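Both complexes shown next keep chain A, but they swap its partner, so chain B is in the first and chain C is in the second.
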Partner chain A sequence: MKIEDISKKSEQLITIKPEDLMPLPYPYDTPDADPAMRELTQDQKNRYEASLDGVLAIGIPKPETKEIEEELIRKFLSGLAKLLTKENNWTFLQPLLHSLEYCVKCQICNDSCPVYVASGKQEIYRPTYRPEILRRIINKYLKKQSTLSLKLTGSDIELNWTLIARLAELSYRCTLCRRCAQVCPLGVDNGLISHEIRKIFSQEMGIAPKELHESGTVQQLKVGSSTGITPKALGNIISFMEDEIEEKTGKKIKIPVDKEGADILLLHNAGEFMAWPENTEAFAIIFEAAGINWTLSSELVGYDAVNYGVWYDDFQFAKIALRHAEVAKALKVKKISVGECGHAHKAMMVIADRILTGDLNIPRESAIPLLADLVINNKIKLDPGRNNFPITLHDPCNMVRLMGIVEPQRQILRKICPQFREMEPHGVDNYCCGGGSGFAIIQSMNFPDWRSAISGRVKLKQVLETFQDVISPDIPKYVCAPCSNCKGQIRDLFNYYSVFEKCNIFYGGLVELIANAMVDIEKPFIEWEWH
Partner chain B sequence: MRIFLAILTYFSYIFIIAMYTIKAAKYLKLPVHLRWELYPVMHEENYQYGGSYFEQVDWWTRIRQKRYLRGFLFLLKEYFVLGEYFQKHKAYWYFLYPWHIGFILIITFHILCFFGAVAMVFGITISSSSQSITGIVFYYAILFTGVVSFVTGAFGSVGLLIKRIYDENLKQYATPLHYFTYIFTFLIFISGFYAWYFIDPTLSEYREFWKGLITFKFIDVGCGAATHIILFNLFLVYLPYTRSMHYITRFFGFCLIRWDDEPNMRGGKLERKLQALLNQKVSWSAAHIKSGKTWGEQVEEPKMRS
Partner chain C sequence: MAKTTLGGIEMEIDEDGFIQEPDKWNKEIAEDIAKLESAYPMTEEHWKLVNYLRDYFLKYEIAPPIRMLVKQTGLDLKKIYQLFPGGPAKGACKIAGLPKPTGCV
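Coming up: the complex of A and B.
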């Protein structure tokens, strides 16, 4: 396949064959161990632009007329031009230009990419492929280089709707894990280029996966949470959590909500309330036991830490970041503490740092160092013997490689989990779970299969390798993933491969392990029920 | 010929300095961006495992020790080792490294020739039997840098050319300019080698040539040295049009992007810069963006219930 083939009309640019995929360890080391990825139906193929790899994350409807198609091409070019201006893109202009201009195409970043490697090195998933397409378009259509110059710089490419539709989908085949950027000796960041391509589509053309935009940021700003939880529903959920805490632990805890002047406003990914309430309950139990002055918020957006804008749209991002700060300001809390959600960590503490000014610049920190302080300094009584099963830690990219929060979670696990073992590689060299950059929540058509079979494949391999000596289903094992999106991805990945059934590998957060070790709770807090 | 050589040399040096300065200034004038760091950040205390100040409770209350020198030395070391290439693609490194060393040394060679010429103007003789230690040091340093650069550079150029042609991963992304550059650099290094080996084993012509440039008494040099000087000068003019600026922007990229973990503090200088940027008008045209309004005006009034 040649780079310029992206503009050539064909039913599919590539087809992923099971035999091309990176092999997995036992018990997935047989040819039939990989479930067949669902194919799109003929109807889906007819309706949507699916000619990249036969997978749909966005599902762009096919333009009905030539005029619409031309208008879309024109918009793409105008968006690309805006992306390169200070007024429209000061937020990322310097990093973008650096990455566009200084790649020497040495390709040493390629093998760091879990998607490229897992797919059997499909050309279109190569970290340098997307940037190369974008550079060529810029050289030819914005810089308007002469034919000779285009030939010399290898920049000839035909910009047409086929290319644009494929590029849109392709920007959602990169998890923005930035492993490729980490090894680049010149500081080039191919992950950033995927992020910037997504912005052209969203900010100029109004094209983005539904889960990120309509039912993501738009819904969050409108009803309060991307899960659809309204402030009223939150009240019911909190009562339910209080009841469940009592039932599980015998403790009567009143979860503080909208407590003015609290030291900490704790922000959870609202997905936890729905899918893993034991995580938010464990936080309440631990904070209560440690005597922390904290609160939740029931204001719109104030009870959902997520900010999907960080993956595709600077404006949606800024709106949500400001709303979070406004909520904290109104509650007059001393600081915001972010629960177990990797992207919310990065969004609120790193990216929003240069959006929030004046009195909206409220101190923000991760809850994990605070938890480490409680555990290490014996501020709550814990018995490590209660966590005596093999445990490994998944490092969420956003929290670790992109924020440098590496040790506190390990300090906790070393102290309370006698059988804690690292997966390789780990820490800042970790592999993405495969659900990064919004993938974990994208449920579009056959995309979930792709993210299990391809983008999550290296993570599955790592987990299986880590537990090879105890792989028998007779031994319960735990993957600790202190991030809601990572948990969502691991749940789907393990379901896809029936990992729980075949290997008895469970997954969950970090606070659950702390609560599980608390001596004043009689029954085990972790229930080992798959959900 | 002597006038042509002199003018070309003056021009190419002024040209490359001007072009690199303009490019560097353009880079540095770009607006401050949102944070996008990547760990390990070398100036951080816990850089060994990639830790950051976010690992501390109430991090904003602690005094941060930034070790900029560590980052600088890390980048400098990488220039001389190219460790990432060695780890990830050894077969490529075997050619890239000599090519790269060839560059560093050929530039050092020309700089030494210039300073050697300055020394000559001050009456120091540069030779192996010079009365002055400076003269002897210059003699051997020029000889060493020149000859080693010619040999390693020529070897690396051929090696990289072959690698780009036959390595499937590199070939797909190679452009005619890549091939042209390798051939061009090969000619530069080999012409230097030829002049040294067959014509001027002490490399004295280059020093004399530079002395002429400094004193404005231009001299003729033999065809071997002349060819090398012309090719090298043309290369200096060509360099700004390649990605060679990465030798400098690499520093910028690491210090201003990858390791930029500077927090925005209330009332600080950074905050003032950000406020100005937020006042710029945007023209994005998707429905959820208010085109023609500023960044600050994009965010609707918060709908607080209380």
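Coming up: the complex of A and C.
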């Protein structure tokens, strides 16, 4: 496989065979333990650009005419040119240019990539493959280097629609976990390059996965949440959560909404309300017990911390980040605290720093250190004996590798979970759950199979290895994943491999474990049947 | 976007079989989707869940959280998977003509 093969027309550039995949530990160490990945139907292959690897994350319709195809090629080039100018890409230009110019192709980063390793080292999944294509296009079509010199240095490439359609899909085979950037001796960020490629497609060509754009950021800005929760539905769900809290704990707790001047505006990923309300309930129980002056918002966008723009589109990102800050400002809260959502941490605390100025620059924090303070300093009464089962911790890339929030969640677990054990590697060296950068929510066609069998494979291996000595289904075990996106991925990954049935491994968040240990709650808070 | 005949009329569906025009939904369409979802013939319990989802959707323009659905219909998750092998979202919601769930759910 050569770099320039990406332009050559063929039915599929690669086909991943089951025997290529990285082996898994017991009880998945037999050849038939892997479910067969679904193949696209012939009809889907006819309608969509699927010639990369036979998997579709975006599903780009095949251009109907040669003119449309040429227009798309032209737009791709103009988008690429814009990426390289300060006026159009001031936010990311410096690290992009650094990454394009400083890579010495040593390939040290390759083995750090969970997708590349799990796939049986498919050439096209190398962290260096996409950037090299981009570099060659820039040299030939923007810097106009002569074809002769490109041929002599073996760095020629032909820009055509086949290449562009494949590159679009390929930018969605990287979870933006940035493990490659971490190991690069020159600080090259190949994850960032995947992100920048996605921006060309979304911002210039209108091409992005439907789940991220149309039903993601667009829906969030229009109805209030990417889940489709309207302010009216939120009211209904909040009263349901209050009923559940009373039923589970015997406590009548009023969840504060739109409380002006509260110390904390708590922002949850709205997916929690829909799929894991026990997480948002646990936050309410803990904050009430600790006497924290907090509130939720019922304003459009103000009740959904997500900002999918951070994965693919700077414009969508900025609109949502501004809206979050405006909601907090109108409520006159002292600070925003982000719940268990990794990419919202990155969006609100790291990237939004570049656009929130003046009185919109409201203090923004992770809820994890606050929770650690409550637990470590005994502000709520806890009995670790209630969490006496084997537990391991998954580190969400955005919170941990990117932001360095490593210890607070561990301080909590060491104090309230007697059987807490680390997976290897962990902390800033962690592996992505396989659902990063929006993968966990891409549910269409055969992409969910790819993200279980390939991008989530190293995570599954880690979890199984961590629990090998207690792998029997007679022993209940818990993977703590303090991030909605990671939880969604781990749920789908565990379902794909029937992990709950075969190994009795459950997954959930961090606050659920705190609520489960609270001495004044009679019944266990964690309900294991909701796997 | 593909087209298919459901309940005797031509309907637009997405790649995973969710109908695109929830307003056109009727019982015949539901039964035709149920055939594709191994949930046919539809019993009283199937309809209990489908009607509950439908009513919630008409009121709030979204599917209810799964826990709410379980509590308010009295059907536990295991039973729901027996009735709808595709599960509450990909099975029951699809038959009830709701849009495919979106966001981090």
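Rule of thumb we're sticking to: the second predicted complex is superposed on the first by the 527 of 531 C-alpha atoms of A that agree within 3 Å, B and C clash if a C-alpha of one lies under 4 Å from a C-alpha of the other, contacts with A are read in each partner's own complex, and residues count from 1 in each chain.
The rule is short, and it goes like this: a residue touches a chain if its C-beta (ideal position, glycine included) is under 8 Å from a C-beta of that chain, and two chains touch if they have at least 3 such contacts.
Predicted model, so just to flag it, every value in this text is computed and none were measured.
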Superposition on chain A - do chain B and chain C clash or fit: fit
Per-residue contact with chain A, leading partner among chain C and chain B: B
Which of chain B and chain C A:Q44 touches, first, second, both or neither: second
Partner chain in contact with A:N485 - chain B first, chain C second, else both or neither: second
Where the C-alpha centre of chain A sits as vertex, the angle toward chain B and chain C in the overlay (nearest 10 degrees): 160
Partner chain in contact with A:Q12 - chain B first, chain C second, else both or neither: neither
Partner chain(s) touched by A:I237 [first = chain B, second = chain C, both, neither]: second
Partner chain in contact with A:Q419 - chain B first, chain C second, else both or neither: neither
Minimum C-alpha spacing, chains overlaid - chain B and chain C, in Å: 19
Residue ranges of chain A in contact with chain C within the complex: 43-44, 59, 211, 215-216, 219, 223, 225-230, 232-233, 236-237, 240, 244, 269-275, 277-278, 304, 306, 341, 440-441, 443-445, 484-485, 488, 529-530
Chain B-touching residues of chain A, taken from the complex the two chains share: 2-3, 75, 78-79, 82, 86-88, 90-95, 97-98, 101-108, 110-112, 123, 128, 132, 151-155, 178, 181-189, 192, 202-206, 218, 231, 258, 299-300, 313-316, 318-319, 322-323, 326-327, 330, 335, 349-351, 353-359, 361, 363, 365-366, 369-370, 373, 400-408, 427-428
Chain C to chain A touching residues, read off their complex: 2, 14-16, 60-63, 65-68, 71, 77, 99-105
Touching residues on chain B, where the partner in the complex is chain A: 27, 30-41, 44, 46, 49-60, 78, 82, 84-85, 88-89, 92, 96, 169-170, 172-178, 180, 243, 245-246, 249-250, 252-254, 256-258, 261, 263-266, 270-271, 274-275, 277-278, 280-289, 295, 298-300, 302-306
